[in-house]
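Each structure below is given as structure tokens.
Presented sequentially are two complexes of subunit A, the first with subunit B as partner and the second with subunit C.
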Partner chain A sequence: MTTRLQERRQQQQKEHLANKSLGVSRWFSISMAALAWVVAALFFFPVFWMVLNGFKEEIDANTSPKLFFDPTLDRYSEVTTQTQGLLSFSEAFANSFLIVLISTLLVLFLAIPAAYALSIYPVKKWRDVLFFFISTKFLPVVAAILPLWVIAESLGLLNTRLVLVILYTAMNLPLAVWMLRSFFGEVPRELVEASQIDGATLGQQIRNVILPIVAPGIAATALLCVIFAWNEFFLAVQLNPVDGSTVPIWVTTNVSTRGNFLAKLSAASTLATLPVVLAGWVAQKRMIRGLAMGAIK
Partner chain B sequence: MTTTSRKPSNSDAEQRSADESRDARRKKWLRRLPLLPALIFTIVVTQLPFLFSLWYSLTDWKIVPPEPRTFTGLNNYIEGYTNEFFLDAVIVSVIMTVSAVLLSLLLGLAVAMLLDREFRGRGILRTLMITPFLIMPVVAGLVWSTQMFNSTFGVLNWIITSLGFDAIPFVERFPLASIVVVLVWQWAPFMMLIMLAGLQGQPLDILEAARVDGATPTQIFRNLTLPLLRPYMELGILLGSIYLIQVFDHIEVITGGGPGSTNVPFFVFQRSIGGGWDFGQASAYAVIVVIASIIIATFALRLLSGLIESEATS
Partner chain C sequence: MFEGQGRKPGQWRLMAVLAIFALIVAACTGDGGSDTTDADGTDATSGNGGEGGEINVAIVGNPQMEDIAALTPDHFTAETGVAVNYTILEEQTLREIVTRDVGAGGGVQFDVVMIGMFEAPQFGANGWLVDLNQYADGDADYAKDDLIPAVVGGLSTDEGLWASPFYAESSFLMYRQDVLDDAGITMPGAPTWDEVAEIARTIDSDEMAGICLRGKPGWGDLGASFTTVLNTFGGTWWLANDDGSIGAAQVDQPEFAEALNFYVDLISDAGQDDAANSSFNECLTQYQDGQVAMWYDATVAAGILESDDSPVKGLNGYALAPTNVTDASGWLWSWALAIPQNAPDADLAWEYVSWATGPDYLVTAGENLDSGWAAVPPGTRESLYENPSYEAAASAFADKTLEAMLAAPIDNPGTTPRPGLPGVQYVGVPEFQDIGTRCTEQFSAAIAGQISVEDALDSCQTIASEVSS
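Now for the complex of A and B:
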């Protein structure tokens, strides 16, 4: 413990010296830090304002902007207990959790072996295969929505959770394959070979040798998949607007053409974004590391 | 290699080589096996609909008025190609994607540089900064249009009117720019994350050496930092364009696709299940869009192959 502290102190001293030798004045550092605070505050402000408005009475929200008011939790109880359209709060959240969880697990289940076949023992044309995966991300979803609708209807999948599970898996799979392939490049090949000589099957190799090494990368990948699936709106509104629908659809049911809805919409928006925002906050460092590996490896 | 070669005159060597090649083929397939589930799944879910679109685009399938579907050949394409609204949508798409990607990248780089120095509260600032990227696009669009841009309740106009100017109906007057602002608000934080990853990967000893040699901060930035960041910038541009070329949610909730803010995805949507119900014509647009996407993707993937090549040398 003490050695780590000492190391850290030495490191700080070094940096301090480096700054001095650069001739960077203290005022420059302070003003840069101040600028960083200002920029971050500006970026965060709309989120702050949304959260704030969720605690207002409609009359306080639907007027020129107010910073001070009597905070209330009534909007939160309204949006969680009353159902505007056909979709209730608890239904939407349960559906979203289920759909996002299953599709992300499916993505990993399909992408991990694929990444193995693209990096550790690469197939001959691994580069073409990788490009194929990425190129599907360029196909506009909108261009496929009509046939998707027709196919889903003929299979009886319209308005089911299953259709969104399938499509979110397809939507995130290319990104996952691509990121995981980069992480798998970090695994020393000798380790895999050694376990192979010991007679480990593919599943055992992945579970015992590869997964422990690339766990942070897998976490970063899974998080990105969760973010994109949780936030997806277009496919949900076109293929599954009524029954078994998701949180983004529920948010829009709080927009009404009659009467004031700003405070209520803010409360609903805050609830809808909370799970992913919290997950992102917790995993941000891991995500930076994951993206770094994805960029250069 | 088959049973016909099993003559008594066959030497053992030949037999062995046949066995070996069968073994090699088996190995090849074993190698491919882990790839197949993902590949087949992707082909079925993403390519099959396209074949349907291709077929629809050659017919005059309409829902309103309901008519029997007939084969019309390339008619839809000729009509589609000359439709001025489609060309408008193409221009909007190009402006929206290019400006949002570039602005996000520049802003993300600037913020990452600010956060890549030692100071108190750096972790909190990074947390605040990445939040917009985590926000649901529908929510982002709604919050900005109802609580930032809005002429009566919006914070921006509240500031403008407090300063004694007239309120600006942002969304009505500058629909495209308003949407780009929200897109940049969401994607600059993502670019910042990628740039931070790049900056943290800088070899400190080289930077130190450059400083000792008397390089100015500008020189260090241009000659050391920027080249090191290049793969990260390429990654940012690639991922940013993949997602920003498909923008739909923001348009839907901010302008609802009024004049000047309808991009190609939204245009195709409007022509088909978004109210046009002209499935034949909409499918023709979809096919045109897919072909254009393939052309763009080829360019983008060349960029990407640069990313992969650099790995081979490292």
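Now for the complex of A and C:
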């Protein structure tokens, strides 16, 4: 009898503890979710405020923070007005679009075979090769700008889109190789071997077996390359201030040394970020799948 | 299983290579020019390829500079056939790029560059710029004698005139006349800093700060404002050696400490909120919003305060820059157009410079800009201040601005010999950009209350001594 009672009490105690821990974990989850929302709101707030400021008059944007105001599109009209001889939004957008597109295609064209050679059938000393790729990112770009400028000047590449295509390709290539290599590592070796038994050539292996599997990873890599190239300012302003100027340079033309410019700059910044946000939104699912696939594992 | 699927591998490869090649060709052939539209909405061709030639001009982002870009096609290119491609850059970026361009390459990318009064004598002495006297002396339309002498002095050395002023400013005190009237206070036309400080402390309240002074680090921000105070308190950053080079640092001298203590105490007692992050634009905002009663800054601000859309239009008074032991203390600054020594066609470049900085441009701007005469580039020519249209539009501040410009002590801003003259609110040596910025970081921290004035002075003395010889 006593034993039964003891067992019952122990059972009750266990249930009580289990319920208690369930409660704790639920509260913990709710707290963490709330914290995540707060952090997300904090991160998003500057973007929200930038978008909001773009619809204000300068005086409203620069005085005490105003959440309610008479919205206007005048700032967007101002920043997109074209003046002969001045860098316009459409010109900067066209330059950025072309430079980013070509450099990203070139990066993928070079990085996919490199990633294959470093993961599916690794070449000799593949670790050293991998380290070499990433070591090209060690040098701060500011330390290299003068030699780059001198080389570009002597080759007649200053103020051409080509110079930025070359540099953005070089800038994104190490990152792409590293990312793609880890995606390629996820491809089952048996599939590749099976395709070899079926007589697939190297090109067919990559195109018909590997690429369909790592497509989300390639999309994620491409999107990151697009983002980095689209937002790059330093090299663009140093090498292409006269012609072939990109969107980040156009944004800074709206900064004034004398007089308020916050609303105008916010409108310009919103326009500048839209293409990347849209690209991210369109590629969201693939990108998440891609990132979950291997790179950030 | 792989045979015969879709296109042949060779075809795909060929198409991919062709596509990439086509894109690269497209990238290489374009130089960024595109069809554009005039500011008035009429179609126009690209800025490239004018019949009379083409020049590239680098300018700083500023309302007056944007105006000239809008007026150029109809009023310069149409007359001369010379197309002008403008590159507008933020101030610090412009400095970096122009310094490298004229210093390393002698005008590789730009035919005309906009530089400040700080750079003009130094670049000229380095042999990087064309002496404009050779053109200006023989150009009747340019009217060199009409230029305000102090501005010409700041852009020249004994060897030549290195840049032609497009826009110039001094500093003065702006105040809310209505607020002072309500308080029964009269502001002298040429006040001392003690008088200004007393007024600021008297009218300071929870709703409205007494005065707005720059506190943001930077040799051109807090550095400019504070150095005028330092000068008139009898202090200097460095002594000058016999050969004019930088001598012993003077930050540890009593005059320097007195000036900095005065500046920090005034902001602490009667200054604006968030003073350590305030410069021209922040003070402008607070003044227009009625958060401050007085503001010591660039004379060009008056044009913004008195513009039609300003909430404080007609409510302001203006007084000369406050002094202490010197007769005048206002600064002098100009954005000016210079021609790099190796510019491809200096004659063509001068044709543009002569138009952009000549007296006729001021009339063109006054008659054609939507914002009218009050928005023309001020401070460069005496004839502007004799123009009835300008006098009518800028009556509230024109006379005081001219008085401030003429009074600016460009060749002798303080009481002791110093290096880097001409220059009022800066020391005209390359080292000042770095030293001034690092020291004003210390001063700004003192304004924010993060460190004491004594500690800021000690740190700055160490920093300034790095370049003493």
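One rule holds in what follows: the second predicted complex is superposed on the first by the 242 of 297 C-alpha atoms of A that agree within 3 Å, B and C clash if a C-alpha of one lies under 4 Å from a C-alpha of the other, contacts with A are read in each partner's own complex, and residues count from 1 in each chain.
The rule we apply is simple: a residue touches a chain if its C-beta (ideal position, glycine included) is under 8 Å from a C-beta of that chain, and two chains touch if they have at least 3 such contacts.
In this text the structure is predicted, and so the values were computed from the model without any measurement.
*Asks:* Looking at A:64 after the superposition, I want to know if it touches subunit B, subunit C, both of them or none. Which is it: first, second, both, neither?
*Replies:* After superposing on A, A:64 lies in contact with both subunit B and subunit C.
*Asks:* Would you sort A:101 into first (subunit B), second (subunit C), both or neither based on which partner it touches?
*Replies:* A:101: touches subunit C, not subunit B.
*Asks:* Could you tell me if A:72 is touching subunit B, subunit C, both of them or neither one (first, second, both, neither)?
*Replies:* neither
*Asks:* Contact-wise, after the overlay, does A:36 reach subunit B, subunit C, both or neither (first, second, both, neither)?
*Replies:* Only subunit B is touched by A:36; subunit C is not.
*Asks:* Regarding the shared-chain residue A:259, is it in contact with subunit B (first), subunit C (second), both, or neither?
*Replies:* second
*Asks:* See if subunit A has more residues touched by subunit B or by subunit C, and give me that chain.
*Replies:* Looking at subunit B versus subunit C, the one contacting more residues of subunit A is B.
*Asks:* Of the two partner chains, subunit B (first) and subunit C (second), which one does A:238 touch, if any: first, second, both, or neither?
*Replies:* A:238 contacts both subunit B and subunit C.
*Asks:* Please work out whether A:149 is in contact with subunit B alone, subunit C alone, both, or neither, and reply first, second, both or neither.
*Replies:* In the superposition, A:149 contacts both subunit B and subunit C.
*Asks:* With the two complexes superposed on chain A, say which partner A:53 touches: subunit B (first), subunit C (second), both, or neither.
*Replies:* first
*Asks:* Let me check the overlay on chain A: which residues of subunit A are in contact with subunit B and also with subunit C?
*Replies:* On subunit A, the overlap between the subunit B and subunit C contacts is residues 62-64, 146, 149-150, 238, 252, 255.
*Asks:* What does subunit C use to touch subunit A in their complex?
*Replies:* So the residues of subunit C touching subunit A come out as 1-3, 5, 9, 12-13, 16, 19-20, 23-24, 26-28, 30-34, 36-39, 44-47, 56, 58, 60-63, 66, 69-70, 72-73, 77, 83-91, 93, 96-97, 100, 104-105, 108-110, 280-281, 284-285, 288-289, 298, 300-301, 304, 309, 311.
*Asks:* Please name which positions on subunit A make contact with subunit B in the complex.
*Replies:* Counting only subunit A, the residues touching subunit B are 15, 18, 21-22, 24, 29, 32-33, 35-37, 39-41, 43-47, 49-50, 53, 61-65, 110-111, 113-114, 116-118, 121, 123-124, 127, 129-151, 166-167, 169-170, 173-174, 177, 185, 202, 227, 230-231, 233-234, 238, 247-248, 251-252, 255, 262, 265-266, 269, 272-273, 276-277, 279-281, 284, 287-289, 291-292, 294-297.
*Asks:* Can you tell me which positions in subunit B touch subunit A when the two form their complex?
*Replies:* Against subunit A, the touching part of subunit B is residues 28, 31-35, 37-39, 41-42, 45-50, 52-53, 56, 111, 114-115, 117-122, 125-140, 142-144, 146-148, 152-155, 158, 185, 188-189, 193-194, 196-198, 200-201, 208, 211-212, 217, 231-232, 235, 242, 245-246, 248-249, 252-253, 264-266, 268-269, 272-273, 279, 282-283, 285-287, 289-290, 293-294, 296-297, 300-301, 304-305, 307-308, 310-311, 314.
*Asks:* Tell me, which parts of subunit A touch subunit C in their complex?
*Replies:* 59, 62-64, 81-88, 90-91, 94-95, 98-99, 101-102, 105-106, 109, 146, 149-150, 153, 158-162, 165, 195, 198-201, 203-204, 207-208, 237-238, 240-245, 252-261
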